[in-house]
Amino acid sequence: MTARTIFTAGALAALVAGGAAAQEVAVITPYLAQPGTQFYVDGFTAAAENFGWTVNVIDTAGDVGAVISRIEDVTIQGVDAIVINVDPAQIGAGLATAADAGIPVVGMDAGSDPLVAANVTSNGYAMAAETAVYVADRIGGAGNVVMFTFDPFPPVQARGVIADAIFGNFPDIEVLDRITPDVSDGGIADSRAQMEAVLAANPEPGSIAAVWAAWDQPALGALQAIEAAGRGGEGIVITGIDANPQARDAIAQGGNFEASVAQDFVGIGSVTAETVKRLLDGEELRQKVIYVPTELITAANVGAD
Amino acid sequence: MTGLVRRFGGIAGMLAVVLFFAINVPDTFLTLRNWLNISQQISMLAVVAACMTVVMVMGDFDLSVGSMASLSGVVAATLFTQDWSIPAALSAALAVGLLGGLINGVMVSLVGILPFVATLATLTIYSGAAFLISDGRTIFGRDIPAAFGDFARGGPVIGMAGERALVLPNLTLVALAVVALIWLVLEQTTYGRRLYAIGGNSEAARLAGVPVTWLRLSAFLFTGVGAAVAGLMYASRVASANPTQGDALMLTAIAAVFLGMTLTRDGQPGVLATLAGVVVLGVLDNGLTQMRVDSYVREVLVGAIILAAVGFSALGRRGVLGRRP
Amino acid sequence: MSVPIDAGGAHELRLEGLGRQFGAVRALDSVDLVLRAGEVHALMGENGAGKSTLIRCLAGLERPDAGRILLDGLPLPSGHPAAVRAAGLRFIHQELHAVRGLSVAENMFLDHPYPRRAGLVNWRAVNRAAQAALSRLGVDDLDPRQPMTGLGPGDQMIARIAGTLIDEGGAPPWLYVMDEPTAALTGAESERLFAVIGEMIAAGAGVLYVSHRMPEVLRLSDRVTVLRDGRHISTRPLGETGQERIIHEMTGRDLSALFPPRDALQHGDTVLGVRGLAAPGIRDVSFDLRAGEILGVVGLAGAGQGALLRALIGAAPRRGMVTLDGQPLSATPAGAWAQGLAYVPPERRSQGLMLGRSITENVALPHLERMARGRFFLNRRQQARRTGDLGAKVRLKAATLSQGCSQLSGGNQQKVLFARALAGAPRVLLLDEPTRGVDIGAKSDLYRLIRQLADDGVAVLLASSDLPEVLGLADRIAVMQEGRLTHLKENSGMTEASLLASFYDSGDAA
């Protein structure tokens, strides 16, 4: 049960009285309006319902400072645990308050911090490995690969490192170019322009075997460039990461964009709830980061979910 | 009787809010720890709203305070990344606030653009500048000196509650200092009374020798610097800076001043009344969160309460709720 | 081209024993008056004589508490503007309520439904009807499609008069009440209005003409009625009266009772020296103002009296030389007040007072630094003490000094402004219409105060349209015409008539 649907002073008072018996968890995020966050929260509340918890979902509408305020409020209120969905580095003041009061804080795809008991997320290294290995297998371990990466953003930078390592392990794969697109407009447009330049510089069919992108938008941009250049028939393999709806469409059409990796947002939510349960049951967590498996999306399974 | 309602209705309403939470959140709401907590949460809003009061007593307002708060945080954080010392970076951010206030003042007072239009335009400019300087990114982590982030987490210990220390937050102290300063300026100096005179009748004030142009210009320096101070407080609290983090302060600050105006006898803005308005807004957020009211319902409620308070006050002033005694 | 106005026969409006009481003041006391179609009837009287109350009663805006109004022998219901309108009366006020941004024709149609075709406004018919109405007044050179704001105030007034001629199916208007219609008009514009009035009379309409301006009255009217202190004094054909007689009947009262006696002239040194002063509304003004002297400044409305005072206090940009005690005078209000000038503006509500603020705040406003601790920090106790002293000096009647000024009577509001002016112990006092809209008791207080200040050595510049006031108070009188100071003479042996005459002579040559 959540307080979300209930609103009268009397009902609220009843809820306060009734809530004293159940364990209570506050979920605090500035990003509830974003689709991914809603999947996390749905997964979390579904699992929490099974545990019989009272869940209070608090959205601060993009205001990170207010996340700190709300952590302070629920700390004083005396909740049993707090779940956050925001970079812990920005809410250190709130984490310190909760820690001071002995209330555990669990991150739901939030980031690591000494004051966060555990962070539940997808394994970025594993996701990058999935697509990089897919590319290497598809081109038979030989050929020229174009990489799209973005090192200024740490989670994406980690993906690039893994791909570098995997391609480096195949002596016949050569990284033709390692491109950092301008992401100010989402990344598609500039990626397309950069890819067009690469295509122009490598006009012979077969001179480019694959495009590996650290997320979906550059992959989509590269796809547009290849199709616009009329080189869709060369068998250039494109992969992305995240499996956003646009990428799924492209994969379903069976063109050059062949694979991406989907995070299990709902699963992250439910595993977060399980992690909170372990903490509330008194378990000492050895692993501070808990990974939820991801799924490689190809034409074979793109319609499945 | 109706005179009493008009005079003390607002204060009674505030006490009713406090009483409501005291009953519904019995264990924690009225604790010193919770009120210290609230005082810290509202500190940034208090600074912006107090400074907003300075221009609102003249009948003007400043829409650019939110984006100025964002800009000052971003300026300081960017300078941190270039290894500026904390005092130097903070001074630069405050100077940016002063400059922003100066631009607003010149546009409103010397050029003669309506405050709404002038500060709406500078709102966009300052916001754009914040994005430009930060490249649209959040600046955080190792780039922010630990001492800067620690400031917002610290404060003098004023006692113990069980095992845990009670801390009077540094941010609260800053806000109290700013509010005290603004109170002194508005209520106890010739300068402040002249600002009120401009609000009372600008033409009469001019003919009575009040240098209206220069005073109006100077008043916008308060909102500029105040917004910059609040932006730095915010950046310290989140130990980071991004180009939109202060934006929400503007509307809330104006709401707080209006809420405060319902508490004063003559319906004029006053800095202590503004502070009361800020406290009401902070208490509502704190209390409703503790009562587990949904975030979106909470927003609707806060808006409705502002509307009710200002509405009752307007009706009372028009004598709809009864004739003058 | 001029088409006769259908005045619907020879109507007559008869006022019998009209009376109206305001508190202790009998604003109208048993007034009889007959207004006929086909003639201009002038209504004369000083400020407060009852003219505006009479007009408000006629318009149905005020309900008389005695007497009645008969149209062609039948009583008009009182207090109903719509009934008055249906009876064919129209009111032309000095303040025009032209709607900016609308065309002349649209302004003329403000009171009428627009002609329509297929549910839409038929603009051709609107403009044609407007043009026709203007033509009936002999005005053929105004394009009804041009914006109203492009017209001067005179033509705006003519357009509004023409608007009343648009046929609307009810009784056609036959009696026009014009309240100070030329107050805001230039000479040429007034001439044009007089021509229009001539057309209206020739077509059979009647006009009740209210004005302070003697020459207009003498030129236009067929009969003249004089009111004084709410009572009807006389109604005479123009042939049986004249300027001297009208003024005598208007002023009637013993002026010397209202005005404190002037001592033999023993003025001090020049305090304020003005040489070649030019500012918006005035040019090339030079004079000296001496300590202890009251210098009256008079002229037709807008001849530069108010502009002169605004320029001196620094409220308007100026050129030329102004000295105070031989030193250059600051050109900003702040500087002028600080150097010892004090100013009472003509419009106390819009230019003088902060109505929502206390008496103390209003009085202290220009003197905050002088009443402060170390110039910067307020000293409220000193403010209250000074305000109390000054309030007693100007005979202010208020419950407490923290009372809001909006609750004070006009006379007491004016006394607050005097208290403000005196708070800085001024060397020069600039008074613009200091007794406008003030009751006779407060007037008498203020006259005594002004004279006492002068006797104490303050130099007073008194701009006023109230000629008895100037004649009663001033030591010397300056006359202004079209922004220039044309006469400056000792106030001895002068009458209202001779003063009025000086508003025109020699200046007309320009």
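Note that the chains take the letters A, B and C in the order they are written out, and that residue 1 is the start of every chain.
The working rule: contacts are C-beta pairs under 8 Å (C-beta built on N, C-alpha and C of every residue); 3 or more make two chains touch, one makes a residue touch a chain.
Predicted model only: the values in this text are computed from it and were never measured.
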What chain is most central when centres are computed from CA atoms? B
Averaging each chain's C-alpha atoms to get its centre, pick out the one most distant from chain C. A
Round to the nearest whole Å and give the separation of the Cα centres of chain A and chain B. 36
Centroid spacing, where centroids are CA-atom means, of chain B and chain C in whole angstrom: 47
What is the distance, in whole Å, between the centres of chain A and chain C, each centre taken as the mean of its C-alpha atoms? 77
Chain A residues within the chain B interface of the complex: 2-5, 7, 9, 12-13, 15-16, 19, 32, 54, 56-66, 68-70, 72-74, 76-78, 87, 89-93, 96, 100-101, 152, 184
For the chain B and chain C complex, residues of the former touching the latter: 187-191, 193-194, 196-197, 200-201, 203-211, 266, 268
Chain A-facing residues of chain B, complex: 20, 24-25, 27-28, 31, 33-34, 37, 40-41, 44, 136-138, 140-141, 149, 152-153, 164, 234, 237-240, 242, 244-245, 248, 285-286, 289-297, 299
Would you pull the chain C residues touching chain B in the complex into a rising list? 313, 315, 332-338, 343, 345, 350-357, 361, 364-366, 368-369, 372, 375-378, 404, 420
